[in-house]
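As structure tokens, the structure follows; a few thoughts come after it.
By letter and in written order, the chains are A, B, C and D; residue numbering begins at 1 in each of them.
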Amino acid sequence: MGFGPEAGYRPDAGYGLEVATTGFVLEARGLSRHFRIGGLRGHTLHAVDDLDMGIAGREIVALVGESGSGKSTVAPLLAMVYRPTAGEILFRGRPVSSLRRRRQLLVYRGEVPMVCQDPFSSLNPAHTIGYALLRGLKLHRPDLDRRRREAEAERVLDVVGLVPPAAIMTKYPYELSGGQRQRVGFAQALSYRPKLILADEPVSMLDVSIRIGLLNVMARLREEEKVSILYITHDIASARYVSDRVLVMYAGHLVEQGPTDDVLHNPVHPYTRLLLSAVPDPRAEMAVTSADVGEPPRVIDPGEGCRFRWRCPLATDVCEKVTPRLRPAAPGHEAACHVTVPGPVPEISGAGR
Amino acid sequence: MSTAALPGGRVSGAKAFWARFRAGPVGGLARAIASNRKATAGFVILAIFCFLAAFPGLIAHDNPQAEIYQPTLQPSGAHLLGTTAYGQDLFAELIYSTRESLFIAVMAGALATVLSVIIGVTAAYLGGLVDNVLSLFTDIFLVIPAFPLIVVIAAYSKNGGDPIIIAVLVVTGWSYGARQLRVQALSIRNRDFLVAARLRGERRWRVIVSEMLPTMTSLIVAIFLGTTLYAIVAAAGLQFVGLGNPDSLSWGTMLYWAQNNEALQAGSPLWAIMPGVCIAMLGAAFALLNYAFDEVSNPALRPVRKRRK
Amino acid sequence: MRYVLRRLGFFVATLWACLTINFVLPRFMPGNPAVAMMDRFKGRVSGQALGALEIAFGVNNNESAIRQYFTYFGNTFTGHWGLSLTFFPDQVSHVVFSALPWTIGLVGVTTVLAFIAGTLVGMLSAWRRGGLLDSVFPPLFVIVSAFPYFFLALMGLLLFNVTLHWVPLGFGYSNTDTPGLDWHYIGDVLYHAILPATVILVTSVGGWVLTMRNNMISTLSEDYVRMARAKGLSPARIMFAYAGRNAVLPNLTGFAMSLGFVVSGAILVEYVFSYPGVGYILLSAVENEDYALMQTLFLFITVAVLIAILAMDFVTMALDPRARTQG
Amino acid sequence: MTGKVILEVEGLSVDYASSAGTANAVDQVSFELAEREFLAVVGESGCGKSTLLFAIARLLTPPAEVSGGKVLFSGQNMVAMSDKALRTLRWRDLSVVMQSAMNALNPVSSIGAQFSDVMRAHGEKDQKAVRARSEEVLTMVGIDPVHLASYAHQLSGGMRQRAMIAMALLFSPELILMDEPTSALDVVAQRSLMVQVKQLQADLGFAIIFVTHDMSLVAHFSDRVAVMYAGQVVETRPTRALFADPLHPYTRGLLDSFPSIYGPRSLVQGIPGSPPDLTRLPPGCNFAARCPKAMPRCATDAPAQYLVDDALVRCLLYEEAAPAREPGDRPVTERAARD
């Protein structure tokens, strides 16, 4: 079954595609992205390495990590802003690398739109809010005439809580608050009738009281609009509030993943434990803190071995030689650590990949 | 300054248009000129010169080039500024010269600005090798002293008249603007709304034209003003040293003939002073407008009134 | 270290571009001016000098364009710049070297003075916002810097020479004097240089005041200036070591880049005062269609600007550690 | 508040002159600070917390200006002091740590040069003593003294913040004002810096005013918390009590907006609407428009600060409690008359 264009682009026909066998809407297999940095000597920065993950329908998955963990490279990778250095992205079971022509990319970008982080640079200051919304609808919903496009634009603004929608349409970005601008970002994504929204730290620049409003909008999109969301953040508490599953990244590796409350209440990987102990929580007593000073991860020409070993209290010599793979620690709950995950420890001689 | 909260529901045509115009980038420019004393002064001077360029006949009734009067007359009722050594009426020549001086400057300014935008924005948007080559090219043209280059080119193309002067000014005038535009385009390039536009499915050229350029209007206008100012001074300089078309009707050429006839020493200083004053005033108009634009785009520069405590 | 390599690369690239322009222009401009000029030389010049000129303009010799290009390069770097038509039979190199010190003295010294004065005035006017310096000077300088150089020169002449007779009409020194290193001659040179120098100073200082004032205003709102005040440092130290030093950095590269513009203005000032510098010679070369001299002068002016830019780059490196370490 | 009072702020107000009219950024703020005390000033963006901090330290730049009130520090009213007199007091008794060390450190001079700058400005001419003290404070915050020679852009985020704290300790001042020093750091680096600041306070005995937008960050580190909204302090209370039982509706709303990792996952509303425009403040309570417990009177009468056991609350719900005399001489309700 051709993907979109061969079968003629019929927006309302749902393409007649069966959901891929694995039940994931979007999946990454061995996905890596490296950047060449440094002048003549030339180093490679390993932003993302061997990422295996999947996002199912009507699900919010939180991707958590500190700065330098590579989490902010995952969204542009999945949105095909960058080309992956290695590995594959599967959308509904089909590799996206096969999408070559503009029309195909347009369909993909309609189904997997991205919401950006900075409310002050995500909207063009020289255009009204309506301009971008109507342009998007014109490109992705050619079946709608001008009047129905405006009606749809006002509908999506209403869904994300921007009222009165007609007035918002004619306003310029400088007339809106940070929270309102991020809601416009979600409205824009919603107007393409997406399957999965990639939200790259959508609330990290907002005040706490407004942040909650946005998280509730994301929850409502999942319930009422049946949209999955990949929520990328460094704020674990907000990840717990809104996500079904959580993925923890450190130095380009996915170190732990599983249902949110499993991972947060009995973390397996030492980094996840360190992260959770450092999160300031007014209601809980202050956990005994480690002496860890929190220096940035080493991701330039890292080589083999676990990249947390320099900070890890449980590091052994296996950790220095073999890069740990994700292994199950509980039903649906995996972690990439030789020490804390029960089960056979790979021989040192047996080279990891 | 923010427009009053618009009434709900469909907004009536005219009011909506004005509200959007006032709030939009173009409205912003108009409002900036009106609110800033320096900008208004510059605008008024420019308006006067434009009027003179459009309808010289209304002010000066004599034929500017007819050599029919007594030579080197002092200013009198008939000849407000006296006459030249060749018997031309100075006042008429001065007024009629406005058109060509203004035309050369504005044309050169506009074309150079277009070149600046094309090179500057493309270099920033495409990046990589293209960016390196184009910015090296820009820096080279910026560093090579413009006037000697103009003089050499003009000399080779012996008094080719206005088109040559305009071409020369454009070739040497675009680089400063291109450099400024590239810097601002680079800062905009990795802003999220451009990535969002690409992800929306916009084509590459459309992203540049309908997303990047509208946010750079105030800088483009500032560069046009700056380049035109440069063109005014350079064109006058060229004509003054005799590299322009000697019998063209422009202030620079008037200065050339005044200098040749030792006007200052020979008792008719106005012949040299007046065209110089006109060039200076036109230049000042563009400079004032340009300076006011800096204040519009960077509020920190606005004059600080000492609070009387 | 990479910063130095990049700047040297730029120096070479611009020099190469300038040479290429010099080489290409006479050949491709309409009416082939090179041939016209050569005919005027034909009768008055010996074979060897004629040969050098023919190469310089690639006139009626059978070498391919590329070979001519390289022989032209060879000649330029070995000082064979041909004969000057205006100062026949002087070698172009002699004419240029005699004119250079005048321009460097007049334009070089004045521009550096204008830069220093402009930076200081700009710094002070930003430091005391709303004060006399800040409200009077900037608008005044905006208008004055818009005036064409030669207009101010003419007005200066009119006021100080024609009416007040304080200053000589022009030229570098009065013709009753014989050039030599005695005080009398030097005094005379300075006496002649006062008006042209003032004109250049007045028109170019405005630009520096405005750019420095703008930079200084943005630097003063930086956190490290507020930190310096919190540390209880003396106002002078804050103005110079913290705000001033950071504000002047963009001005340095700006100064170098706009030297070309200042030199352009100075040429006209030399013309009005018939001051025996490179500018005046260039214009007289243009009048006499003396292309050999013109090309060399154009080359020299560009090289002078390039050297100034290189010097500015090293000054920036000294002042800005980020340029040093990040490379 | 146990020890001797070292700082008294009475009715401090700051106005911002802007094109849209004068904004009342800080409105009649009053509080006292004891020696060795850790006071946290918490509030969301635009509530005036940083402006208050810089007003106390007399570091405001135009268009912001102190429009009223007194700041009594080591016996002198800093608002009225001349710049010259103030300079001897700066950094010796009161130093400042800013949000981003990347901007707060002079990019063109080395860390060591900036240390000796301030020591020379306060009369310490002997180079050896300056170097020794600089190395001492750097080691105190866990940075290798070799970094005295490096520049701000060569250090990591955490190290830059520590270098700035070291600089603040040079004269072991009585009071250090901190403007969100950890908000640019990741959570692990943030926690370790907070622990270190607490440790240094215990060793050297300086008082801290710590401004932040992240309430949960100061839960375990501060002695007292002052919550600010739209330029006014709405609640001041010892930390444990404030987190256990917040009185002012805004404090309660703010606390609820922090989802917790532990405990049940319930829907949280946060605080609807957005803060008022400081150039056009409403007549009554600034929070009335967004307050779930707003009474009709809240829209007209401006609440004063009322003493409710160990808390000062600016809310009409607690009006029957005795109206607290503002430490200054002016009656509390003067603001109502002025509007």
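The definition used in the following text is that a residue touches a chain if its C-beta (ideal position, glycine included) is under 8 Å from a C-beta of that chain, and two chains touch if they have at least 3 such contacts.
What you see is a predicted model; the values in this text were computed from it and never measured.
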Could you compare the number of C-beta pairs in contact for A-D with that for C-D and name the larger?
A-D
What chain lies closest to the overall centre, CA atoms only?
B
Please compute the C-alpha centroid of chain A, do the same for chain D, then give the distance between them in whole Å.
35
Any idea how many Å lie between the Cα centroids of chain A and chain C?
56
Round to the nearest whole Å and give the separation of the Cα centres of chain C and chain D.
54
Whole-Å distance, C-alpha centre of chain B to that of chain C, is 24
On chain A, where are the residues touching two or more other chains?
none
Touching two or more other chains - residues of chain D:
62
Among all residues of chain C, those touching at least two other chains are 129, 221
Going by the contact rule at the top, pick out the chain A residues touching chain D in the complex.
66-67, 177, 179, 207-213, 215-216, 234, 236-238, 240-241, 261, 264-265, 274-284, 286, 289, 291-296
Within the complex, chain B is touched by chain A residues 76, 79, 81, 102, 105-106, 109-110, 113-114, 116-118, 121-128, 132, 135-136, 139-140, 164, 166-167, 170, 172, 174-175, 185, 188
So, in the complex, the side of chain D touching chain C is made of residues 54, 57, 59, 61-62, 83, 86-92, 95-96, 98-100, 103-110, 117-118, 121-122, 151, 153-154
For a test of understanding, state which residues of chain D touch chain A in their complex under the given definition.
44-45, 142, 156-158, 185-192, 195, 213-217, 219-220, 243, 253-255, 257-263, 265, 267-272, 274
Going by the contact rule set out above, which residues of chain B touch chain C in the complex?
38, 136, 139-140, 142-158, 229, 232-234, 236-237, 240-243, 255, 259, 264-265, 269, 272-273, 276-277, 279-280, 283-284, 286-288, 291, 294, 298, 300-301, 303-306
